[in-house]
Structures are given as structure tokens and as C-alpha cells.
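Okay, handing you the structure first.
Letters A, B and C name the chains as they come in the text, with residue numbers starting at 1 for each one.
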Amino acid sequence: MNLRLFFSLVGASVLLAAFAHYFTDNEFFQFATSALAIIFLAAWLGKSTESVAHYAGDRIGGFLNATFGNAAELIIAFFLVKEGLFDMVKASITGAIIGNMLLVLGLSVLLGGLKYKEQNFNSRLAGHNASLMTLAIVALFIPAVFMRELAPVKIETLSIVIAILLIVAYILWLIFSMITHSDFLSDIEPHESEAVWSKGVSIVMLAVSTVFVAVVSEWLVHGVQHVSHSLGWSELFVGAFVIAIIGNAAEHSAALLLAMKGRIGAAVEIAIGSSLQIALFVAPTLVLVSLLLGNPMDIVFTPFELAAIGVATFITISITKDGATNWFEGVLLLTVYIILGTAFFFA
Amino acid sequence: MNLRLFFSLVGASVLLAAFAHYFTDNEFFQFATSALAIIFLAAWLGKSTESVAHYAGDRIGGFLNATFGNAAELIIAFFLVKEGLFDMVKASITGAIIGNMLLVLGLSVLLGGLKYKEQNFNSRLAGHNASLMTLAIVALFIPAVFMRELAPVKIETLSIVIAILLIVAYILWLIFSMITHSDFLSDIEPHESEAVWSKGVSIVMLAVSTVFVAVVSEWLVHGVQHVSHSLGWSELFVGAFVIAIIGNAAEHSAALLLAMKGRIGAAVEIAIGSSLQIALFVAPTLVLVSLLLGNPMDIVFTPFELAAIGVATFITISITKDGATNWFEGVLLLTVYIILGTAFFFA
Amino acid sequence: MNLRLFFSLVGASVLLAAFAHYFTDNEFFQFATSALAIIFLAAWLGKSTESVAHYAGDRIGGFLNATFGNAAELIIAFFLVKEGLFDMVKASITGAIIGNMLLVLGLSVLLGGLKYKEQNFNSRLAGHNASLMTLAIVALFIPAVFMRELAPVKIETLSIVIAILLIVAYILWLIFSMITHSDFLSDIEPHESEAVWSKGVSIVMLAVSTVFVAVVSEWLVHGVQHVSHSLGWSELFVGAFVIAIIGNAAEHSAALLLAMKGRIGAAVEIAIGSSLQIALFVAPTLVLVSLLLGNPMDIVFTPFELAAIGVATFITISITKDGATNWFEGVLLLTVYIILGTAFFFA
């Protein structure tokens, strides 16, 4: 997209959101405009991250992409944590994971599959991703199983231990995939970071876009509670299907474009990689951040959320393990997404 | 089998069932004779379907086999739904799914494996079947997880949405496997529909056998309640292990014969394909039919049933994914079947 | 290790344990010394079994290894059963299964992976093991699901039926892997039984070491209750993480040594084979033995134990199914072990 047009859209959407926030009282309008602005800002933040990553070289750049790839999601969740909206935080984590695995991957596989009869990718990566997702599920599943019998203080300690273990495992995974075994996964089409601006400008862009995302995220979080109440939607549904989609829209469209160009491997990598990052890095980071904010959030998800993450992972593993996709597999993923969406809507 | 002998058996069994129904009072005798008649009638209905499918050509014929393959099962379940015996309907759906995956596949693999050291088949189909079964499990599992928190009205709506989604997914699967990607699975030994009679006679046979199955199914359903009460057997056990076996006996014996001739691929296709058809087509159709009958049945299965379907699917996927079978894998499937049977019997 | 040194250690540890048992009152000291003695005695029992197996020839020797491989574990559990410490028995079974799959396999894969970039092994065996583990999980999972609704008498009967089925399946697996399809798995590096002593001495050694293990196991079981109470540790944790590690230490170190020599296939075989033996042979044998002792133990595990066994199996299958391992996969297994250990400690 033309950069000038892009920044016009970013600017217009942010101005509109600011106008709604400071000069109107209509909470639905405030929410809608800040949601729109976040979508554009997240795209800007994404571009800036990639541009900085380009200049930082392969290794540090890869690390930047791996940790800041879900920065917008993380910032929104931060303000939800700050407001003590723990149920919505967990729902948005759940929604981001299943949105990546079912909606994005489903649409990518379906749209790619309508154009190409079969699309292939490196199934070795799929195998590793499956093992990592299994770890993530175990880590989220265990505290929920044990919770009924544990005192709150023990749940908190267990949450912290698990959060630290997940972050350590995630760092070791980065070391594995970028340092000790980078050649292993080298036949995967690399995700090349594109330089949009010069080095100095890129860093400034990253800083400025992060600030803007933070400001508008606070507006969004402010509005979301009222909207969810006035529409009568549960926190579970709003977190999992509204917040999660807003926070990930930019990334989602990138995966779709790649799939339609026949690069299904890159689309799979983005969709599953992003799910892993949220489960193994964003979720535990939020647990630790909540501790610093003095209002500790545990890592116990509801049975609904665990069921959703579990079935999403299970069917995604089933579909990606052979390293080939076709349109019907996209239909399967999307069907599961719609079933989960309907169930969350009614819950 | 000789056709004349076959029809003699069909006729004799139906006459015996009619005699029991109209002229005796012994409910166990009534049940036993109508069960025997259903087994023969289901075989007749199966032959008629195949014969019509043969004249209808590959595509429509395949579609006929795919939708009418479990016609007897569907008709029996229809009368159970009409009588409001929802627990027994769900138990019989459960029993048909696990019966196909554990009993039929288990016996096929075991008996085939006693003759051939290793039997191989197309593992690509197995992969697709695994993904479809996962969808089926997700679809049955989600309402059960969410049920505790939902009002009955919402459960009903959710059931209808899921039923429609499953039927759409099943139709898309038929389009995928028979139209857009039929060549994909073409190295699978095709299941050829055999023409037993001329075209006109076949259609008449299909109509007549359907009527007979319907009539005797009503007798069977009438008797089954009394028998289950007088024997002290639970609806769960009777539905899952008596009704399900009676309704599927004809199909089961076909799979066994194929396996013993070394055609394990065709046997796997029948057993798993039939399970899929029941989960993705028969079960949701019954939910929608119950709506039309004015006495809506939800799609919420008991934890026992879900556990049974889940473990059956899990071990079947584990055993079929390598595209090779041996006698010990048959033992594993049968052992799980016996464990489930014992547990259902005691429940 | 030098045999003379080895027996000096065995002798010293047993004398120390005997001294603690008969001449001191410190229960922690009694427990620690009998635990140490059991570790050495289990190693002696293992050597004796192997030595007898060597002389018994391939077939009977393999059978001996397969049934007496966890003899120390079985003997300790026997005394726990005799004391009626059923919770600890089940916890120790759980701990032995997850300890083999997560701790031993995790350390083997990690340490082997630090030396070799990738280690490969026969993935066909992994597939069969996965199916067998699935059977084991089903067998342990089903009674727990059905338990709430069943009367104690029915639970007992169901437990006995399942125990017998598992032992039959295990015997058939031995027939499959050692007789009808021994060539199938023949490209697996065989585990050769080593002859340490002459035939006659080996048999004497087996008998004597078994007696010693039995005597000291009784001391251990006597002490473990007091220790668990005075430390405030739950039976669940003590059984799963103390008893299980003590009973399996000798075997664990053997697997580790093999992995560090690059023989990851043999290490995988020991770790998973031992888990299977415990789930399919030791656990059901204890159920039947408890019946003979007149104080029947059921086969119902707690949700925590089932969750632990389930996730351990799930991630182990995920990691071993491609027939290749690397250091990061070891990290994954160990992370899950630590998460489970923390959760059990708090429970």
C-alpha cells in the first residue's frame, strides 16, 4: 500500500478516535473509533518493528519479530490487566490463540486452496510447533485441574512458577530455532523483514507508534466495558472475539495475503508462530506484570477457554502435520471457529 | 449369497416378527424377532441402495451410498426420536460410532492380521478421516462443556446451529472427495456398487425395503423399552450395544469379509466412513428432524458417551495413521471396545 | 562399575539401613537409609535379572526382562498395598510412568542432544508404543469417568475386568513383539542381556536380591508414612516424586548412560517400555494382588494423576513420533515434568 495513503488513514482514524473520546459521550462510537484506530496503529507498529528488525540483522531482528510481533495485543492486554479485567484478559488471550489457529489459518488455507489444488510446506516445523503447543496447553491445563483443591495463595505461586517456566522455554526455543538449529528449519521460506524507512527513522517510528498504540488502547479498554454491558455481551465473548480480532487484524491480513500468493508455509508460520508467542510469552508476561502492578492475576483459565484452546490446537495439529493443505481443511478450521464463536456468544 | 435363499430368510424373519408382534404377548420374543428381521432387512436395504447407486453413475451413486449408507440406523433412530427416547438415540449414535471404529475395525484388523502379516492402505485418507473425526468430536464436545452454564433455550439454539454446520461440512466433504479432489484419493481401491437387479427393479426394491425397515423399526422400538426394563439394563447400554449392533450388523459383516480377503483399505474405509457419516450426518439430521416433530432433541451427549467417542477416535487415529495394520492392533481396538462395553453395562 | 566396589556399596547401604531400622528412632534417618539401600538393591536385582535372561535365551530372556524389569517398583508397591496405602500406590504408579516419560526421557534427550545435533531411532516402534500408551490411558481413564455414578461393588468388578484385560493385552504384546513380529522391529538396536555371573550364580543372585529388596522395601514403606507426615508432604507428592524416583533410579541411570553414548533409541525403548510395563502390567497386577490380600484396591486414579499421565503421554508421543530428537525436545519434556512436580507439591 502507498505509504502516504497509509499514514493518511492512520492519522484520520486516530483523530476520529480522539474526537470521539474527548468530545462525545456515545460510548459505542468511542469504542468503534478507537477499535478502528488500533487496527491501523497495529499495522504501523508492525511495519516499524519489521523495519528495525531489518537493520538489526538476522539474529537480533528475528528476536525482535519474535518478541514484539504481538506488541499491540500485549499493550491492550496490559491496560486490561491494569483495570483488573482479568476475565477479559484471559478471554482475549484465548481469542488470539484460536483466532490465529482457526480463523487466520482457516481463511489462509481456504482462500489459498481455492486457487491452488494443494499447497505444501515444511512439515518438520509443523512437528516442532505441535510439541510446543502441547507444552502451552499442558501449562494452561494443569493449574485449572489442580485449582479446586488449592488455596488462592498456592494458585498464585503455581501461576508464577509456570509463567517463569514458559518464558524460559520460549527463550530456549528462540535459541534453538535461531542459533543452534537455525539450519534445520532453513528450507522454510524465510520471513524477510522489509526496511520501510532508514535506520534512524525506523527506530523513531517504532517508539512513536508504540506510544500511540498505548494511548488508544487505554481508550479502547475504557470503552469496551460499557459496550459489553450495553449490548449484553459476556466478557468472554467480547474478549475472545472482539478484542482479539481488533488486536490481531493487521497480522491476520498479512497471513492471508501470503496464502493467496501461494506462500502457505509463511502463512502457517505466522498463524501458528503467533499463537505460540501468545501462549508462551504474552500470557506468562502478563501474569508477571500483574504482580508488579500489585494486583496479581493467576494463570487459571476457565474450562470453556481451555476447551477452546485444546480443540483448536488438536485440529490444527491434525491438519498441518502432513505438510499439505487444501480448501476443505480450511472449511474444517473455520467450522470449528464458528462453533466456538456461537458457544462463546451464548455462554 | 444366493438371492433366493436371502429373500427366503428376509421373508421368514419378517413373518416371524409380525407373528410375534400381532399374536403374542412375550415382549422379549417380540424384540428378538424384530431385531432379527431388522438385520436381514438392513442387508436388503443395503443391497438395494448399492444397486440403485450403480445405475446412477459414479457421482450420484457415491452420494447415494454416502447418505443412505446408514439408512437403517437412521430409520430406527427416527422412531426412537418420535417416542422421545432421546437418551437411547444418543446412546445408539455413540454405539454406532464406537462399534464401527472399535468392533468392526478391530475384528477386521485382527482377522485380516491372522492371515496376512501386515496389511497396507492409503494413509492419506486416514489423515483426512482423522481431521473430520476431530471436527465431529469438537462439535459434540463443545455443547457438553458449555451446557452447565446455558439456559435450555440457548442449548437448543446452539444444537441447531451445530447441526446445520455439521451437515454443511459433510456436504462440502462429499464435494471435496467426489468432485474437486476425487483424483487425490484415487489410489484407494474403489468401493464398486454392484447391480443386483435391473434399474427399475432396484428402485422398487429400495422403496419397498425402506418401508419394511420402517415398519419393523417401529416394532423394535416398541419392544426395546420393555426389554431394557425387564432385564434391568440401562438405556445407555441397550442403545449403545444392542440397538447399535442390530442396526449396523449388515454393514459390519461386509467390512469383515473384505478384510479377510486382504482388502483392509476397503474395510477401513467402510468402518471409519460409516462413523463419520453417523457423527456428521445422522446425528445432526436427527436433531433437525426432532425439531420438525415438535419435540426438539439437543445435541448434548453425556460425559460417558463423549469419553467413549473420544477414546475410540483417539486410538483409531493412532492405529490407522501409518497406513498399516497387524493383528495386535486389532487386539488393542477390541480391548478398548470390551472395556467400554463393561463400563456402559455397569453404568 | 567394578563388581567388588558395587557389592561393597550394596552391603554398606543395607547394613546402614538395618542399623537405622533396628537401633535408632529417627524416622527420617531410617527412611533415607532404606531409600539409599533400595537404589543399590534395585541395581543388583536388575543385574541379576539380566544375567538370568542371558542364559534363558532370546525369547524367555526377553520375557523375563519384560516382566521383572520393574520388579523393585512392584515389590515396594506390594508392601504399600499390604499397608492399605492405596493413594500412595497409585501416586507411585503415576510417578513411575511420568518419571520415565518426562524425567528420564527428557534428560536422555537433553544430554544426548547437547552432544549430538540430532539423534535418530526407529519411529515404527514409537508408533506402536503410542497405541499401547493410548490403551493404557483409556483403561485408567474410563473407570474414573464412570466412577461417580457407580456403586463401590461395581467399581471393584470393573477394576478387576480392566486389570485382567490389560494383563492379557500385555501378554499378547509380548507375543507380538517377541514371536510373530519380532523381525518387524529388528532394525532396532537390541537390548542385549549381559551375563555377569555363571548361570547357577545368576539364579541364586536373582533370588537373594529379590529377598533383600523385599525386606528393605518393608522398612521403606514403614518409614515413608512418618516422613510424609512430619514434612507435611502429601501422599500424592511422596508417592509420585519420592517413591517413584527411588524405585526406578537404577533403571533411569542406565537409560541416561545409553543416551549419552548416542544410543538414543535404546534409551527411548527403556523409558517408554518401562512406562508401558508399569501401566499395563504392574498396575493391574497390584489390583489383582490386593484382591488376594483381602483388601481390594480399585483402579480409579484421581483427576490429577490422570491429567499427569495424559499430558505426559501426549507430549511424549508428539516428540517421539518423528523418530528424531534434539536438545530442545528434552527441555520440553523436563519443563512439563517440573510443572507437574510443582502442581503435585502444592496439591
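Operating definition for what follows: a residue touches a chain if its C-beta (ideal position, glycine included) is under 8 Å from a C-beta of that chain, and two chains touch if they have at least 3 such contacts.
In UniProt terms, the chains line up like this: A, B, C = Ca(2+)/H(+) antiporter.
Note that the coordinates shown come from a computational prediction; the quantities given were computed from them, not determined experimentally.
Visitor: For copies chain B and chain C, work out whether under half or over half of the interface numbers are shared, and give different or same accordingly.
Guide: Counting which numbers both chains contribute, under half are shared, so the two copies meet through different residues.
Visitor: Through what angle, between 0 and 180°, must chain A be rotated so its C-alpha atoms fit those of chain C, rounded to a multiple of 5?
Guide: So the angle, rounded to a multiple of 5, is 120 degrees.
Visitor: Could you tell me the distance, in whole angstrom, between the mean C-alpha positions of chain B and chain C?
Guide: Chain centroid spacing, chain B to chain C, equals 41 Å.
Visitor: Can you pull out the residues of chain B that are in contact with at least two other chains?
Guide: Counting only residues that touch two or more other chains, chain B contributes none.
Visitor: In the complex formed with chain C, which residues of chain B make contact?
Guide: 117-118, 303-304, 307, 311, 314-315, 318-319, 321-322, 326-329, 331-332, 335-336, 338-340, 342-343, 346-347
Visitor: With touch defined as at the start, can you tell me which chain B residues reach chain A in the complex?
Guide: 124, 127-128, 130-132, 134-135, 137-139, 141-143, 145-146, 149-150, 154, 157-158, 161-162, 165-166, 168-169, 172-173, 176, 180-181, 184
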